Amino acid sequence: MIRRLWAGGDRKVTVGLAVLALMLLIALVGPVVVGAWLGQSPTKLHAGPPLAGPSGEHWLGTTSSGVDVFAQFITGTRVSVFVGLVGGTISTFLAVVFGLVSGYHTGKAGAALTGFVNIFLVIPGLPLLLLIASYTRGRGGWAAVALIIGLTSWAGGARVKRAQTLSLRNRDFVAAARYSGDKQSRVLFMEVVPHLAPVIASTFLFAVVGSIAAEAGLDFIGAGNTNTVSWGTMLYWAQSQGALQSGAWWWFLPPGLGIALVGTAAGLVNFGIDELSDPRRRTLRTGRRPKQRPKRRKVRRTEVAA
Amino acid sequence: MTLLEVRDLIVEYGTDPAVRAVDKVSFDVGRGEIFGVLGESGSGKTTLMTAITRLQRPPARIAGGTVTYRPSEGEPVELVGCTPRRLRELRWERVAVVFQSAMSSLNPVMRVGTQFADAIRAHRAVKRSEAWDRAAELLELVGIPRDRVRSYPHELSGGMRQRAAIALSLACQPDLVVMDEPTTAVDVVMQRQILDNLKELQATFGFSVLFVTHDLSLLVELADRIMVMYAGRAVEIASAEDIYRDPQHPYTQGLRDSFPSLHGPRRELRGIGGTPPDLRRLPTGCAFEPRCPQRVDDCRESLPLLIERDRTQAACLLLDRQEVAR
Amino acid sequence: MRRLRGAPFVQRIGFYLIAAWSAVTINFVLPRLMPGDPASAILFKMSELGPVSEQQEELVHRLFGGARGQSWWHEYVSYLNGIIHVDFGRSISFYPATVSSVVKSGFLWTLLLVGSATVIAFVIGTSLGIVAGWRPGRAVDSVGSLVSIFLHSVPYFWVALILAYVFSFTLGWFPLSGGADLGLVPGFTPEFLNSAVRHAMLPAATIVLTSVSGWMIHMRNMMASVVNEDYVLLAQAKGLPGHRVVFSYAARNAVLPSISGFAVSIGMVVGGSLLTEMVFNYPGLGSLLNQAIVNVDYPLMQGLFLIISLTVLAANFVVDSLYVLIDPRTREAS
Amino acid sequence: MTVLLEAVEVTKRMALHGRQHGQWFTAVDSASMTLESGKVVALVGESGSGKSTLARLLTLGDEPSGGTIRLAGKDVSHKRRTDRQAHFGQVQLIMQDPFASLNQLHRVRYILSRPLRNFGTADGDLTAKVIELLERVNLTPGEQYIDKYPHELSGGQRQRVAIARALAADPVVLIGDEPVSMLDVSIRLDVLRLFADLCARDGLAMLYITHDIASARYFADEINVIYAARMVEGGPAEEVTQRPRHPYTQLLLESSPDPDRSSQRRTLPMADGSNEPIDREQELAGCPFAARCPHAMPICTQKPPPTTTSTNGHWTRCWLHEE
Amino acid sequence: SGGAASSRPLTVAAYSQPTLQPNFNPFSVNALRGTIGLIYEQLFDFNTAHTSEFMPSLVTKYSWGTGGKAIDLALDNRAKWADGSALTADDVIFTFGYLKQHDLLALPVDQVTKTADGVHLTFTKPAYAAIQDLGRTVIVPKKVWAGKDPDTDTNVQPMGSGPYSLGQVTGQQATFKARADYWKQQVPVPQITYVTTSSTNLLTQQLVRHEIDLAYAGIPDVKNQFVQRAPAQNHLWPIYASMKPLMLNLKRKPFDNVHVRKGIALALDRQAVTDAYNPGVYQPVGPTGLYQGTWSSWIAPADRDPLKPDQAAALAELARAGYKQQAGGKLIGADGKQLKLRILTVSAFADGMAYTQELAGQLAALGIDAAVNGVPSAAYTGDEDKRDFDAIYGDAFTFGTNPYTFYNKMLSKKSKTNVVGWDDPATESALGALAQAAPEAQLAASKPLQQIMLTQLPVIPVAVKGTPYMYNTEHWTGWPSADDPYTTPDPGAISGVFAAKLFLSLKPA
């Protein structure tokens, strides 16, 4: 089964995207469905007996204060997925901008940006995130959390994109586009960026997953926003009310599994994309492939400004 | 005296659809002979080499045929059905290989000497220091200073690396050295030096060489006999002299006429025209038929087999006809 | 960091100095951008424990409520000066203990935990990656890859809680909390080391479980591409024994990018270990940081962030420098 | 014959990184050449001798560190980035590798329409123009190729698309940087014939860069030989290949595989071309080939040899030939 | 097997933080637990677990003089420092002088002089209300402390007069060793280990496994999670020493309207609130704010019982403030807007969050747009200081030995903890009177304040906060309990006298 799933890049992408789409759908309409159709509320106390296991009425049981866990899980998807999307978007955006610009522009500005990216890369992200989150103290709701997460997590992605851009900018087709009379900006967006698409996609996926996990982590230690219902706050409550010790697995497991599921789906998509964008799998071999003659000296050089 | 006997070898790539990259190829390599394999990109040369040495990787698989190695003493060994253990014993000891680019065939993070010693000690019970001494000797044989055994591959020039790779192939004095485009990565001057060196060594040690390239002029100079491949099949096997002076197959003729010569009188280059075939969609008849200037109607239907005529084998209906007619 | 490889030593040191300076400066700026009043936080915490006398209230306000009067620049200079002299001021939550002594108390624990866990995860993950990547597409590879994506995605602290519940609470195999048995004096005594190792087991397992898959996936992909290299094929052609081909030829090359990734990942592991430490009440930097956050202990937060940053920088520097030894291609010509 | 593009004593120096940080490397040293309408000039030399660098200088892909480049008599060597656009319209480059120079992600239509748009020759129907281009390079019928991606084309077809792109700008000078080195022998000839045609028919000036001196003999009117950044010999193709004067050219010819001469070849001495950084500045102090030259004299390492030209336009830079 | 049991250290969960820093300076806010009580001793205290009876320590008895402006303290003449020298009045006089000199004395002490059996203190104003604070003054040896800085000295080698001496401190624990030569009595527990434990999860597990003998912390569902697992050995004794009110911001409309406050007070189901997190640990409290259990003699019988939830009465009160239930049950005011209420609480405290959620839920059921606003503790104190909240549920007010401190902290204009902004001259004068009232007059003096609570509802009493003491009797018996409340089983956070009394009363099992 797993081997078959693993076999084709397209299958991985399909399964992964399906799961992600489902999650997004839950995030968008889930809370409404829970409220309107199932008549449950993620905040209503004593909706059922405390710490009741899964039943027909409470699909995932109840919390110690009798709140419906299923309603919480579905509602929590929204904040988690939104923080993930917004945080992931910010992080990816910054990664793309910094990666592209620092990779494409040689010269002083490029070098300075590269240095900046490298510095952000070695400064540990989670401590920085905790530090900033502790200063902002949960103000601004989930949007602020998403912003902070985005701002502290882009460096790794930027590095990947910078490396890609660096290798792309020296590729012949980039030069060819310039000889074809295209302007710098057009070259960048029509020739370089499309090649980064798989990398951007994977950065985005992991940034989303990373943001969801980071938000959960913040909530978990109480540095996030405990008022909202998210997977992180669910875990916070489950943990602080001793869900595991009381055997209330239905309360403790779903949020963690939710995060893991999103992560796994994103991972699948990413693996699939990697495979599909591998030219060895796509290209027909009908011409003579370049037989590179090694350059005489393997030293990097740049031009002398005349 | 045959050293290697290849019979009806079929190699397929188990992709979807399966690609038959080597199709019923048969030939013999004699003891002490330089046997050349010529063909354009994608004609199955590398596939043939890896199959003979059993180095093919999935999705490639040998779908039929035999490869028999006949040592000067002892029983012949059938390589295709051979156990991995027996195979490991034969490798390098009897059959060694040299790849296209030495940069990529030498481990970049290992000293050259270690890579020699590895090969020697896998087959001979010698001490490390002895193996290193032997490595230094081998390097000297190809004109590289002894002390270079301590170098890493990147510290050697392209030509030196290529020569080191050849020296490495001789580490256990094999009977057969298989070379897959060993000089494409160096420039002509270096190529010349390497080939001269190779010929010298071959004359000294008497091993056979199976030499793969797409460069006709080079092969004609170097090889004793040449096999020309087209779309996975052998289309002509003949002595180097015959291939150059009197090619039988229209494809070989076309190749010959595409090479500009440096010294002879300027002759007209004719070329072949058309494009090489797609192995996945081969015509039922002769694969060269669409590009062949001498094609006849039958070429589209019937697949020509190698026919022997005066020491020359060629696979073309035209020759078949002549044969029948005679 | 890739950029730095093979760059002259001086240039590398220069980069690390600048990075260190940036961390120091971020650290200086952040608390000044945010409003905060540690005094009320402390009083609140005290009142949670019992009545607070007016006298204590006064004292707290006097000690921690002080306003800042100097110019930023002046403060910055004295801040830098303090750092040079390893003086980050006094912690608020542990007043009057100095930040450096508090940090020192957690540093070794974290180093022990994160260090050993990272090494174990690297070794296990890389080994699994070698197995999976040597013959990509096999069952080991597909099942292993799926499992590792999953493990990669589960939250650290969630795994930590489950492990704590199963292995120490329910089964009682491991101690519940802390860095070593109570009553043992830290030192290089067999009892203490034994106890410290037992206590580190579950937190380390958490880190290993959740980070092993990253290494595995990375290594698998590298292996899968290195396996196609000519030198691996040649090694097989040489009739070398299988393990020699796998390890000395394929894995030896495939591991190189992992090693440079190792440096970068140290930062992530340190980050991830924070939550793990909190769950296991492990007396390391992570728990301290949580403590500092809860108590609005700015000096301690700063000190911790700084030491974590500098540790990560140092680790990066070491790995970067070591890389030169590992990859002969980056070595300077003698 | 009109001189279209002219390089006068151009030099390109580059800054070294890594181990040799702070040093300079001369990739092209005072090279001069003229490209005339309707003529093919070949540039041959070993790998790393500076052929591609010179091509980049001529197309203004790079700025020369010294010397001038003239297009139709006007100095264009120091144009600003935006002004180079006009130059690209006149001088086009076919890059070495057709697998690398076509963006995998664009269709043939896009690739060819860019220069058409940018150089303003296409006000009318773009598709028609693209098809016309494709058919000019023998990709007929054009409709069949216009919507293909590069990976759907064979190497020879790609190479022709690359050529079509260069032609789309309607240049007067075409620079082919090893335009056929990646192609199978059976396709190579087609492409070379196409160039010959274009020169003859449209009066294009062409620089044919190659390391294959035999093809230069057949295809070019004139051959220039470059060695280690410096041009060492030049003249009519037949002259240079049949009566080489410079020892390097001789070596090159001697080394090239040639079935016709295999019997009478002498074994060459093994040169230890190690990878250790050669100090190019020192090489260029004299004759760069001196270290490998069998006829080397003391003066060869001290002073750059002068140029000696014979009546038929065959010139060389070698102390042996100094009159 | 007394020998084996008595050699086992008694382990106390004393810190909800991961690590300790050695600090045995009794004047430091971060002094480690045990510094006071085990090492240093206080003068005396009152048993707040019971009926505030006097608990002697260094002082055996006290007597007021001159209308509360002077007091005589009789020192126990057996008292000795650990080095064998006698603890004398000089040390007491030194300590008060030292505190005064370093600005650490919040008591209105004027002069301290030596008497035949102890010391005589004079005050600048009647100090009846400060008697407990006075009793909790820690006495330090003059010869050691004369040159120390109370702010920064960590006093890592403490020398006191208490029953224990310092064993060793590591990052996670501090151990105290029984002194063989303690001046008062034989010390039964040979070693006490105070340990850290940062999460209630872990604490629960450690308690269940008897790795910890005594803890006081809010663990969820403690009865099931701890007591029920071994009911014969595991015990829980909540001590009700403080009251937690729902505090409405009186500077904000419409909470300045007493009818709104009354309506809300009447609507609450206090029992449901106290059952929300940890049933049995909190108790509903009567409308005076004083706990009817321990303070019943102070409260008029009619006002003792907690208010019963009464929707109709609540709605009637709210209607008087202009809020009427409209369609959908929403309480809409004269301005056409729904009554809106955000209850500020600390998000990091799960118990507080749970209780607040229950409160909000009840008010929402009434038609108020009520919700919890859980924030980190720092934001909580910040918002509280800035009075930026609708309502607050989190602060608790300790009862003390008489209701003065209790009401003063809650209602005095000058009190920092009067966060609701209650500003009422009648309250001020009643507080003034109570402060100066002699012990026998205190009950009467508290009545006006009780009355203000009943009629004005400056804050809405909800529950008494129980500090849940959890212990097991596997190794040690003799624990105080509801039946024998001889002390508060507190390891030194509140009072060293309580702690010493506890540890000196245990017996090996």
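Going by the order they are written in, the chains are A, B, C, D and E; count residues from 1 in each one.
Here is the rule we use: a contact is a pair of C-beta atoms (placed from the backbone, for glycine too) under 8 Å apart; a residue touches a chain by one contact, two chains touch by 3 or more.
It should be emphasised that the depicted structure is a prediction, and the values quoted were computed from it without experimental measurement.
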Chain D and chain C - chains in contact with each: A, B
Steps in the shortest chain-to-chain touch route ending at chain E and beginning at chain B: 2
Taking each chain's C-alpha mean as its centre, the one farthest from chain B: E
Approximate Å spacing (C-alpha centroids) for the pair chain A, chain C: 21
Computed distance of Cα centres, chain E from chain D, in Å: 90
Whole-Å separation of chain centres (CA-atom averages), chain B against chain D: 32
Between chain E and chain C, distance of the C-alpha-averaged centres to the nearest whole Å: 39
Per-residue multi-chain contacts in chain D, two or more chains: 18-19, 47, 154-157, 184, 275
Multi-chain contact residues (two or more partners), chain B: 40-41, 100-101, 154-155, 158, 187, 214, 275-276
Contacts with 2+ other chains: residues of chain A: 134, 222-223, 239, 244-245, 284, 286-289, 291, 293-294, 296
Chain E to chain A touching residues, read off their complex: 199-201, 204-205, 219-221, 224-225, 276-277, 347-348, 350, 353-354, 357-358, 361, 371-376, 378-379, 382
Parts of chain A lying in touch with chain D, wherever the complex brings them together: 171-173, 175-182, 184, 190-191, 194-195, 279, 282-284, 286-291, 293-297, 299-306
Residues of chain D touching chain A in the complex: 12-20, 24-25, 27, 47-48, 59, 61-66, 78, 81, 85, 88-89, 92-93, 95-106, 111, 114-115, 117-119, 151-158, 162, 165-166, 168-169, 182-184, 275, 277
In the complex, chain B residues that touch chain C: 50, 53, 55, 57-58, 87-93, 96-97, 99-101, 104-110, 118-119, 122-123, 152, 154-155
Chain B contact footprint on chain D (complex, rising order): 46-47, 154-157, 184-190, 193, 211, 213-215, 217-219, 238, 241-242, 251-262, 267-268, 270-275
